[in-house]
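Two complexes come next, and they have one chain in common, subunit A, joined by subunit B in the first and subunit C in the second.
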Partner chain A sequence: MKVRSASPAIGGSRPRNLIAGIALVAVIAILGRPSVASAAPQAAGADSGNYIPRSQYLSPVAMTLSADGRWLYIACEDSDLVLAVDTRSQKVERRVHVGRMPRGIALSPGGKFLYVSNEDSNDVTEVDAETFRVRRTLAVGWGPVGLTTDRAGKVLYVANTLGDDISLVDLKSGRELKRLEAGHYPEYVALSRDGSRVYVANLLARVAPVDQPPVSELTVIDTSRQIVAARVDVPGVIQMRHIAELPAIAGGYLLVPFMRPKNLNPLVQIQQGWYLTHGLAAIRPAAVASDGPKKYQVAEVLLDDIDRYYADGFGVAATPDGRWALVTASGANVVSVVDSAKLRHLLQNTPPARQQELANRLDSASQFVVQRFPVGQNPTDVLVSPDSRFAYIANRMDDTVSVVDLGRMRIASTIDLGGPKEISRERRGERLFFNASHCYQGQMACATCHPHEGLSDGLAWSLETPQLGRDVVENRTLFGIDGTSPFKWNGKNPNLETQDGPRTAMYIFRSQGFSPKQVNDLVTYIHSLQLPRNPHLAPNGHLTDAQARGRAIFFRDRTTDGRLIPPLDRCYTCHSPLTRYTSRVSMDVGTATHYDTIHAFDVPQLTGVSTRQPYLHNGEALELEDIWTIFNPEDKHGITSDLNKAQLNDLIEFLKTL
Partner chain B sequence: MERASAASHGRKILWIVGIFLLATSVAAAQDPSFYTKWTNYTSANGFPPGEVYCVTVDGNRVWAGTGHGLVLLENGRIQKVFTTKDGLAGRAVMSVAVDRLTGDVWIGTFGGLSRYSGGQFKNYTNLTSGLANDLVYGVAVQGQYLWVATTAGVNRLDTHTGSWSIFNESNAPFEEPWTYGISVGAEKIYFAVWGGGVLSYDLANHYWKPYTDPDGEMELVLYRNQGLIHNIVSSVSWNPDTKTFWASTYFGLSSYDGRNWHNYLTKDSGLPSNFINAVKSRGNQVWACTQKGLSEFNPTTNTWITYRPDAKTGRGEILITRPDGSKRQIASSTTLAHNYILNLDFQGDDIWVATANGLSHGARQPYKQQASGAQSTARSLGR
Partner chain C sequence: MKRFWSTLAASLFLVLCAMHGASGATEAPFESTAPAHSQTYPAIAFVSAPIVTAGDLTQRFPQGSRLARMTPGVQPSPVVPLTPEFFAAADPQVSFDGTRILFSAQQRKSADWQIWEMAVDGSAQRQVTHCPGDCLEPKYLPRNRIVYTAIRGTGARRSSTVDVCQMDGEGAHPITFGPGNFQVETVLRSGRILVSAESPLLAGGSPHRSRTLFTLRPDGSGLALLRDGPTANRNRTGAVELADGAILFLETKNSAGNSTGGQLAWIQPGALRASVLTDPASGFASAQELQAATLVVAKESSARPSNRNFNLYAFDLASKLPGDLLYQNAKTSSVQAVPLAPHPLPEIYWSILHPTAQTGRILCLDSYISQDVASGRLAGRIARVRVLTLEQPGNRERVVGDALVESDGSFYATVPADVPIRFELLGRTGEVLHAQRSWIWVRNGEDRGCQGCHDSPSLAPANHFPLALLRFDTPTPLGGTLRAQRSGQPRGNR
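Coming up: the complex of A and B.
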């Protein structure tokens, strides 16, 4: 492999490799020291007058209502709390500590128990809704978020985002019955009105060739057999979140918010608009089922207007009669009210041949969106009271709940849930991260391409204006990037201040961008993003046999037949454990294609690599295996051709622990 | 006291004898029944032509692996033939396993491994996953693990973590890595290894144990009932009812109950051929899929029943071999699609049979009924 070399020759003689290796090790040793960029969290702390631990903020993110509408239960992800708000007095009456990072909440059919998913502790807390005490903790899969019970209250369905699966828990014994594979990053779930199905919305598209439009999955579970009944393709979209089912009288549609990217076009198109659009999938079983699995009809409509976008749809709820559906735009701080009769009219009067066109039309929202309410910062979940009088919107970034009077179609009040009134630098940065107002026409926020608070969206983008259509690069995660500078695949940005400063305004947002103070806030927030707990690594850090064998391969300096591996061809040289398994320099590992104008790419850190599909700078490697089996034919990406399949599997097992 | 005790003892014996006589008389009164109602699925009625390599029953659904794709039958009707155009990993389908817990269907093909779930295929190949080889002969589900038999050894996929393990000659007692079949027991998993005998994997203690032919001879059986009859094992079947595993080889049939081996050859059993492609056992039934017909063996009564079309006339014949070696042949108006049998599975009392030229569905009917009909005749062949 080469370090930013213009020479086409790869490898070379042993002495030259050794010298280069020594030089690289020296470079790594220097770069491995804490950098200015990596000191950013300390800088945040140094702003002592404005340092507030994140856990002091509540961050309401998911809600459920008691059957009579009296109690609003709210999961607050940053404070690990569940609150009970009396909807009459609009006061927080009770609170209970649950697991780490509660992200979802559901009520048992009889209303006796609350189930709260704790994303960071991989469990569900069962709370007695009357005493508001924790009854027990149920182990589930990795990164649980959305959850619901079946109609009988016997089985709990939990979407595990990191595990890409759904845990089914027997609520009598508390034991996990089974796990069903979902799509990619399942987040939220909904029980069908008749109780026969559990629907699971997946945040990211299926892992697939990056030169194809994304296809996301709505996973449909048959609750009688407890198996996956259908995997419904939702084409062209990602970031499906909450699900609302309209009653049959209103068409019986499942409504799911989405983001529709045009990432196969150059990003420069954002200044023309219509680049990142936001809308609703309207899905329902086909009227006439053909042979085989039951088919579902999928239609897509945009909620955006021609000159203003409502970025990052998140929550959706329908009134019991199905007349209204409310959708939160978490990046626009707006709730849109959909007249479902008008939406149904549009869907049913659009010929099948024009359905795809409908998914891209920016002039259709005016036909069915009857109201837009400005609400608090980063609205996530929305609920409608059983009597259809009120809607409640959780404003995650300002610890409030907006109450909409649906009769008068106006904001009736705002419930203050508590939490610090002073906004820390990190919190300011977080607000910026989720806010799309900094982008031309509000098309996108940082969180649009980095959903789930910093994740990569798994898509490849053509970012560089001078090379339209060339240098298409895979999006990168923001988790745990502290100390991994420089940034961008070409390694041109020495720090996040450069990455998120004027360059972002010019090339990405196509607007005035952030002020220097805002950039500092944003950078502080991004540096605070930590990798989720690694489910592949035992809590005590012990490696399994396969992981230990893989570790030995990663740190080897000889091939399996005893030949010395040149330093530059060893895994750990470029992916140094001293610096989160990156060398922080650019390398040519033979992965450039004729669409690339450069051949050396920033060495990505390997921490959290198992959650970062796809791989390589352009996302061509869909699985870790592909890196070596398909894209390393000449051993330019380290010497790996001597490894047999079992050894390669072991190496991957080790990498997944990082 | 002693007289009272002796009387009590005598009454017990009388009871036992009485119950035995009653049971045997009831058994004798029952008519024997045979699979005489056969429905065949061949190219003549829309089924893919040629060999059917495997068949797996999933409730009212039946999955059949052919050289031209995967066939789904529902309530006896062909619903769909899945091919690579539908997303299947390979054209030739060698094995199918249904995960009873999740409903997912795992398919072993000659182009890799496929999972069919919710109407969608997801594929795993040697290049894009931890799969040891794309020639997949066998698949089996064991809890959250999927076991895969390939030409390059055995794979285990943890479906919860996505972790792949490979077992071959480097870490297990494989004399040959080429693995054909898998059978899952409660405590052990059994593998049929071509040229390597049978291997078992102890799930609790994580150790492997080989079962091989003690004489090591290719064509001879020097040590009868001393071990596996031959190392070229085509399939293995664990019977939880009798705590016995059965192994089919290309040179005879073997069983092992943990203490004793029993071997079966054509020369001293009802087997129509020593070339056996597959074996399946449940209760008192052992089914051997041979190159000259399908045999049902009852180890308790030591009776063999072989079903096949007559090689010359194509008419159905049922050959019964009694414990004393005497044989009786019954004609049947319907029969299997072909006498070269590759695999079978049970659907209640019915059986589905994969043959070299189509799929057959057999239903058992009382012999008395069909013997009285015009379509069947019986004749004793003596010994």
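Coming up: the complex of A and C.
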């Protein structure tokens, strides 16, 4: 580890270097003190007079309907509740506590049981739909979100977002049968109309070289054999969320909302979709020989208009006859109604040579979107009643459900689920975080590039333009960043107020941006974002043998052959455990490329590192191991060349516990 | 008591009119000819003039004009003169808080047009600009600034630009830099400015000249055609933004000569192309949103030239038909009506230009993309791009330089700021494969991106790292010494 131009040195042959190193360690130790400044907003939020615990808010995020359409069941992620709303009276009639942060909900085929995924407690709660009591809790993978049963109600399929896999649970025994590998951040699932497939939409693109457009995956599971039948490439998009399948008579398309990032283009302007666009993937099996594997045709259309964007598509639902499909734009507070016949006509009449262009056309939505309904704040899930008369939209940030009369094509009512009427500072900040209206043409919200409530989108962006095409940097997570200032890879932003203030308005949103008060609200919310519970670390904190060996490597002072490692070349010097495993300074670790105009980068905190692929400032390292085996040839990024494969594996095992 | 003050105001106005008669104003006195109707409307300000003509902005009201205010549908409906002391007044624009009116006016018939501001009751009038030529069509901008049309020169050198200054008239400077005679239309709620200009933006004009709509940022960067652009021999002017984001404008034929009447057309949200609301002979002179789904329009009262003047009507956007007659005067035309009501402050646009920079940068992602050919992609192998500018005086074209075009069609160059530029795509032997017709510009420190050579405004770029940015000898510096010919630096106009 060297600061800027220092040359590598091993052992005690250079005492002056050692002294300088010790001095720098002292400086780092001072700089690495817990951040008083960055902690202040949190305290201010608590003292602002309207502190309301987050758990007081409901935050409806997922819904399902009883077969007769009478009962609307709603998973509320902040309150850990599931509500039952009588769709006739439009009143909340029953409620039950489930696990921590319920994010998905599904009904058994007969309607007797509700299955609720609890992302923060890594389990699924089974609820008796009649008594509304918890029957049992089923252990699944890391960060469960979307779930569905098979048609027989024997197997539950659960997308484990943080684990990148899908749990298959035997509902008779309650035991997990197997886990299937998904794409990256699988979130929502859908059972095909014929019951033969479970489709899984992955939020982020596959981890891949940063100079290539992202490719996301729709994972297709064969329910008869319980294996992955296909991994459908959905090129150029990320943030695929809910899935709706149109009936065969309407084309049989799977509709999946997405975002198309333009991260490879320098962001010289925002208009005309230079940053990103929002749309809908239309995927369907291609005609192939019956004995061959199913192939899938993928088409992409935009839901944005030329002058108004519908940011952050989230929920999608189709009427049983497939005539209409409704798509929520969670950043625009709008639901778009798609005429599926018109969409089908567009897809079928676009020449093959123009199909790719179709994915970038901002004038096609006007051909198939017949209505845009303004709804509540941050609409997420949408459902259509079995009789096609009504659609229900869960408005996560104002604890309501919008009811659309599909016959009259108008908002019929809004159901108040009963959350607090007072909006706390943190909640105000959260609303801002998810609202795209602060960006030119409503193109994006903070959440657009930090999906899953603060995650990195896993892409490298060419954000600023002193030199176009230079200084491409990986997006960074917002989880657990309190006390890790400064921010940005160049370390130029001393606090989040600087990061989210005028700079964001000028260079990112290209619009008015946030007022100073709004910035304070937003910063309060961002500081509240905590890392997810880490299943790699035992609840009692006990390390496995491999983790313990890795810890010893992380904190070692000598190489494997006994030479003293200079302080600045030790892992823990720059990744200090005192400050979330960062030293809060910029260091040159030899990772700059010809296309970087700086060589020293802000030392990233290592907490939650296992969920943050890819790595390094420009995202070049796809795996942790690549940091040392590919991008540290001269031991500038700490002394690691003496470590063998097994030792690196141990080091990785330890890092995963952070 | 109210009637007393109305009568007094009208009497005073008559006296002032009589005084101004010596300077050429021959307008008939205001008459309370506004009919009563069941619906109520907000108060309006409008222009009353004996004669309204099209063409030169400074000659629209050859016999003078007055600003007045009234409340349609209210009886009695006094028409209160607001600018009796001017020979001509026009272009009323209400402040965002609804308390003041910005307008252009001539104090005497021979005087230049300047920008003025007053309270909505006509009091507290003050001159904002002291332009060397004519300054008209003012619009409020956020942060105490205004944007307006400035006309300079005479004869063949007469041209107009869009200028910006502070509310006290200081810091006036143009934000348009090419040929095309730019004029202000409106300030969009997004913070951008909608302007009109001749299209294509040619020096010396075109036999099939149209006037169409463009957008740009308040700092003059980001010039872009609004949607699908012009139709030959058609003029799009008088544009306003409706509450739902639709852009409404008047469309007239060039062949209509000096006729002021046009048809109403609009570009609805999300639509690439404009559509018409009324038939071509409908004779509208102005339109403005009065209240939800209702316009206040100035419509010709008769097709007979001898009896032609404009009256104010409500216009129902749902039925696309004129409704209530709001005001008429048999002897004068009434045009340019605007509601005297607060309206939303546009978004503030934060300029990211560099005041000291002498150049801007052009990044083209794929110069093969063009909607000028049916396939959407130009044929042949583009080897270089040539940049040209217009030298003054004389509008002589001069080559600024040329830059390499990569195999993916991308190029990246610095070009002189605030001067007209256009591009020619060259083949391997230097032959011109495709040439841009319109002149555009790049502002100082502006990064201007384009997808291709005349790309569609409805096409978002592909996600592709342009090869031009892999080169370390880019941006290719072109013509950075042309600074001396710039005219775009802020200057006082006093």
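Assume the second predicted complex is superposed on the first by the 621 of 658 C-alpha atoms of A that agree within 3 Å, B and C clash if a C-alpha of one lies under 4 Å from a C-alpha of the other, contacts with A are read in each partner's own complex, and residues count from 1 in each chain.
FYI, a contact is a pair of C-beta atoms (placed from the backbone, for glycine too) under 8 Å apart; a residue touches a chain by one contact, two chains touch by 3 or more.
These numbers come from a predicted model, not from an experiment.
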Fit-or-clash call for subunit B and subunit C when the two complexes are aligned on subunit A: fit
Partner chain in contact with A:195 - subunit B first, subunit C second, else both or neither: neither
Subunit B versus subunit C as contact partner of A:625, first or second or both or neither: first
Touching partner for A:505 - first (subunit B), second (subunit C), both, neither: second
In the superposition, subunit B vs subunit C on subunit A residues touched: C
First (subunit B), second (subunit C), both or neither touched by A:302: second
Which superposed partner A:263 touches (first subunit B, second subunit C, both, neither): second
Smallest distance from any CA atom of subunit C to any CA atom of subunit B, in Å, after fitting: 23
Shared subunit A contacts, counted only where both subunit B and subunit C touch the same residue: none
Residues of subunit B touching subunit A in the complex: 72, 79-80, 101-104, 117-120, 126-130, 132, 144, 152, 159-161, 163-166, 168, 170-171
Subunit A contact footprint on subunit C (complex, rising order): 190-191, 222, 224, 227, 245, 269-272, 347-350, 352, 361, 363, 365, 376, 412, 447-449, 451, 457-466, 469-470, 472, 475
Subunit B contact footprint on subunit A (complex, rising order): 141, 163, 165, 177-181, 219-220, 225, 227-231, 291-293, 535-536, 546, 622-623, 625-626, 629-630, 645-646, 648-649, 652-653, 656
Residues of subunit A touching subunit C in the complex: 211, 213-214, 236, 260-266, 268-269, 271-274, 277, 302, 305-308, 354, 356-357, 360-363, 365-366, 369, 440-441, 465, 468-469, 502, 505-507, 510-513, 594
